[in-house]
Amino acid sequence: MAFAELAVRIADVGRQCYARGWALGTSGNFSAVVSRDPLRLAITTSGVDKGLLSPGEIVEIDERGQVVAGSGKPSAEASLHVAIVRARGAGAGAVLHTHSIWSTILSDNAPESGLAIEGYEMLKGLDGVRTHDHREWLPILDNTQDWASAVPRVEAILQEQPQAHGFLIRRHGLYTWGRDLAEAKRQVEILEFLFEVMGRKRGMTWQR
Amino acid sequence: MAFAELAVRIADVGRQCYARGWALGTSGNFSAVVSRDPLRLAITTSGVDKGLLSPGEIVEIDERGQVVAGSGKPSAEASLHVAIVRARGAGAGAVLHTHSIWSTILSDNAPESGLAIEGYEMLKGLDGVRTHDHREWLPILDNTQDWASAVPRVEAILQEQPQAHGFLIRRHGLYTWGRDLAEAKRQVEILEFLFEVMGRKRGMTWQR
Amino acid sequence: MAFAELAVRIADVGRQCYARGWALGTSGNFSAVVSRDPLRLAITTSGVDKGLLSPGEIVEIDERGQVVAGSGKPSAEASLHVAIVRARGAGAGAVLHTHSIWSTILSDNAPESGLAIEGYEMLKGLDGVRTHDHREWLPILDNTQDWASAVPRVEAILQEQPQAHGFLIRRHGLYTWGRDLAEAKRQVEILEFLFEVMGRKRGMTWQR
Amino acid sequence: MAFAELAVRIADVGRQCYARGWALGTSGNFSAVVSRDPLRLAITTSGVDKGLLSPGEIVEIDERGQVVAGSGKPSAEASLHVAIVRARGAGAGAVLHTHSIWSTILSDNAPESGLAIEGYEMLKGLDGVRTHDHREWLPILDNTQDWASAVPRVEAILQEQPQAHGFLIRRHGLYTWGRDLAEAKRQVEILEFLFEVMGRKRGMTWQR
């Protein structure tokens, strides 16, 4: 799919994430692969209101994060998007990063280095999962403002956890991906649903 | 009502369920009876985005789940829809299956084989219930990925609980039905409302 | 305002309440005074989907609840609407009855015969309240299916509590009113907001 | 930007705040600077429904709160808006005041004179904040109905806390501001998001 068409679709997905409260303020960033060789990504520019996201706010970047089409500054986390599409290959034709209430809470309080989600039917919405009897392990990375330097850490985690459908950044949000934008959007919905289920359950005292 | 018209209405109901967060990802499936003799159902196809659900994503199936009109693979749970419309007769002209946050939580933590809902005015929205002084018992089935084999278990429960207006599948969601799509949609809203009331109450400590 | 115009406005308010989850299923009923002498009310008919509420689903009734214009069965709680518009006079040109999650929970667990709401700025949105330093007392009535017989009880409460801006029915919902539909809608929003604040606070453990 | 254009944009922002439940009833008031010398503000009039907010419900006032264009009574809290735009200069080209569930709850139960928010990525959406490793301190003022007299107190707090991006009024809501309406709206979203995260966390028992 050409850059112009991907930009239209990314803008659609972004506005939908905003409507659900997963990309408030200027949070969140979204990308899709334009070509693999050479690697080119369509990606949201920095600091834009996702509720008004328009195709003109999407730029095309190369593997070093340089803008090759469109105008604007790519997201500061562009290097993460590039790392993911390289590590996951065809499995990551689109990468979505959301900042939701529940991913923020769950990543904040998890004592471990990741979040296990197990036994829910909704897990079947994740790529390749065929049964609710599945244990999804989402690694949690500590937050940083220097993502360029953190790329090796992300690459290592993606390699160690080849089955992971996403990862969390502590007190920050979710990264997930899919073969295309539709699959990546589906995975955001699946994971955000499961975060809400788990977050609400952990807050319950089960009094009657 | 003809298949084409039912497909339009099923798509409407599906998009409404998605908007309320009851059919995120590709979760949920929805059907309506096209004819009783021979038995024909209009039913959602598998793996589609309910937020974009269109009549073209609804197929007509026979009692064995074979597609007789439209294209696409019917939901993997089509055998459950067929079992319900047979067991409940005219009371089940439409069957709706939703995956909500609260039905997932309540079915997960209920120690018993079902969920009792009692004493709420909202219960009067269920077919045939005339007073808030009613005790609704929703059976909870364990989840499976082999619904074809599980049909006898579902049929047994529907026979044992002739008054039940729905049932839950553990960590999975709700099945409910009505004489037509409007009634089934009303029952989804009634039951989801009551799940949320009960779920929130169970999480409360009643501090002041 | 003429019946036809009031019917349009009642339908608007009803659809808005539905959108916020305050009138799911077929719950909720809404009315406005067409004339005082003789007393005539425009009121929603029974069993209709508030998400699709249209002016054709509003009827005009007299003080005994008989339909004098339009077609359909008036709400089973029409006698409550008549009692309120009589007891409150010009202060009740419109009556709105909603079934929300939080009014259901708060009325269920309140041990007393009413709910006190005190010290919130939002209280100033109630008719005649000029400061947040106000204590609103909402009586709670036990639920019944025989509202015609319960009218004297409602009338007594309205007389005993001349300052009350509404009342709750246990495990059922809220009745409130205003000089016109806009004021009554405003009061629904104020009270539902305060119910949610109080309900959420009561469920909190204040851990950090 | 001219008054007429600002009125259109204020009305847009107001309707969006209403849709998210941050300006129910007639709560909330919103302003933007028309000119600095002489000081002129476009500001919402008192008692209007923010869900229907139209440019005709915005007036232009001078520094004493007198209406110089448009018709209607300016918000009773206009003196606060004037105090903020003076104290913050170019940093406050627009001022937004919202009444949300979570700001009401957090300001109610905070024992201290302010609310600290620390360590969340979302903080980077606040003007000038470059890292999640930031501690935002939002002063909490006690509520009053005499804002004209309270102006010196507000001015003192703004001077003592030059880094604060907003303040809370106890059991009442949030004031925040930005260089223009877009930035102020972004800050509302950032702060409301963080209030919800903190409020939900404080209510959680972390049972599994």
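Chains: A, B, C and D, in written order; residue numbering restarts at 1 for each.
Rule of thumb we're sticking to: contacts are C-beta pairs under 8 Å (C-beta built on N, C-alpha and C of every residue); 3 or more make two chains touch, one makes a residue touch a chain.
Predicted, not measured: the structure shown is a model, and the values here were computed from it.
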- Touching both subunit A and subunit D we find none
- Item | Magnitude of the superposing rotation for subunit C and subunit D (Cα, nearest 5°) | 90
- Between subunit B and subunit C, what is the gap in Å from one C-alpha centre to the other? 31
- Item | For subunit A paired with subunit C, centre-to-centre distance based on mean C-alpha positions, whole Å | 44
- Could you tell me which residues belong to subunit B and also touch two or more other chains? 201, 203-206
- Item | Contact footprint of subunit C on subunit D as seen in their complex | 21, 24-27, 49, 51, 99, 101, 104-105, 108-109, 143, 145, 169, 171-173, 199, 201-206
- Message: Could you list, by residue number, the parts of subunit B that touch subunit C in their complex?
- Response: 16, 119-122, 125, 130-133, 182, 185-187, 189-190, 192-193, 196-197, 200-201, 203-208
